[in-house]
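Take a look at this one; I'll ask things after.
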């Protein structure tokens, strides 16, 4: 067991992500994987499955949003201060299809007092931009992880 | 078999919704129900299930967004012009919990040329406001339904 | 001199607006007028002048935003709790031209703890919708007015 | 007189900006200066004057928005296709005060068919982030400049 305060920012980001991922049934249920964590940064991946398709036979915007929103959540909780979303926006650039492998890269643009702004790019397996997302975060009480086991 | 052009706006809204719902696996897979359709208006309902919970043990914002986004899609496709989302924003007002029954009411605020703006309120079973959503729509080619069987 | 706490909500909204307007050089400088105040509601008017025109010879979006933003500010400060904007979005529906008289109607959609959401419609003198605005407010310390003289 | 089609992308960006600036009374009236142009990029500067102050004695959000919106307009018109804003959002990070010199840097994030997404950072003279803006553009008919004199 070791003290959280002894972790480097990079280790802290990884431990926060592992703890959140463990508790976050929604993110796991959708088959998302964490590809990379760093302070204020996360990269998540998800494959478009049949049950994500809407009436135009492309991925429901809600699932593209959910991937981006998860990437945002992992990025804004990477510094061990429990943080929630206050609002988000998404712009759809191109449709995603069945089997597409989507990668969401979240980066902190601002953190100031209890609020922050994060941008997320969602790309497909060809590197084509699929969606741009912006999330506003609000820091609540408490840490993400308390101690290191 | 009857001509689509003979339907009243209300009938058309209901037929478009039925056709979209039939094709929209994502919306059906999440257990959403259409409570009401009218021209430019839709009301959808969804119950928060275990697999929608995130790391703070409340409903993942992505699922609240997905419900609102579906309500938006049904509302903006209710006049038999195939329409997609170009961008959306959501503001989270209160968390939703396991078992909460969420109702999303979408209303057209503007339709002008090929673009439109729709507002969606998401409330829980107590009538508490949970989220406010705004969707921007873009009309593509083609109708939602071609003929009435 | 009378106590602020004895004012009705309607009187309070009017006194807050009068005090804010007095201090708000930007709003006055642009020739805005307050047409109506109520708790959580404001209606402001502004005429499009020559110096508001951009390169396409229509009103610069920034001035339509500024009118909506002022209406938002008066609405969210109408309950005597000093409140600022944390973020805003605007959708442009139709252009405004030289001489157009724009009316912005702001209404509270949600107020919850220190944060709120307000919607503003901007219309021209023909009642045509020109823009839709949504503002997120954050309550800071202190009242808008302290005592009534 | 020379053909527009012979200009390099950089020259074209500069000529489009010069032509727009000439026509854009709002941008000139507020004392904005163009510091830099490149394809999809613009940097504009504006000083906060007394008539830009609102009731809290800081710069009215509308003027910060207007600066960002102008930077967005110059960036999205830099490739000689006449382009207008369809919608914008702004997040306020820190207040701006009388005399602050604000610099807005606009960068294209996506351009796809007739629509685009641009991000703008607004900083003060100390390099502090003041606001983050995102603009959605829509390409209309016609060029920005027709021929080179």
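We just call them A, B, C and D in the order they show up, numbering each chain from 1.
Convention: contacts are C-beta pairs under 8 Å (C-beta built on N, C-alpha and C of every residue); 3 or more make two chains touch, one makes a residue touch a chain.
Just so it is clear, the model here is predicted, and its values are computed rather than measured.
Q: Same interface as B-C shows up in which of A-D, A-C or B-D, over half of contact pairs matched?
A: Repeat interface, by the over-half criterion: A-D.
Q: When the contacting C-beta pairs are counted for A-B and for A-D, which pair yields the higher total?
A: Higher contact count goes to A-B.
Q: Suppose each chain is reduced to the average of its Cα coordinates; what separation in Å results between chain A and chain C?
A: Centres of chain A and chain C (C-alpha means) sit 35 Å apart.
Q: If you average the CA atoms of chain A and of chain B, how far apart do the two points sit, in angstrom?
A: From the centre of chain A to the centre of chain B is 24 Å.
Q: Hey, how far is the Cα centre of chain A from the one of chain D, in Å?
A: So the centroids are 30 Å from each other.
Q: In chain D, what residues contact two or more other chains?
A: Correct list: 86-87, 89, 91, 136.
Q: So in the complex, which bits of chain D are touching chain C?
A: 19-21, 23-27, 29, 50-57, 59-63, 65-67, 69-70, 73, 77, 82, 84-92
Q: Which part of chain C faces chain B closely enough to touch in the complex?
A: Against chain B, chain C makes touches at 89, 91, 93-94, 109-110, 112, 117, 119, 129, 132, 134, 136.
Q: Along chain A, where are the residues that touch chain C in the complex?
A: 86-87, 89, 115, 136
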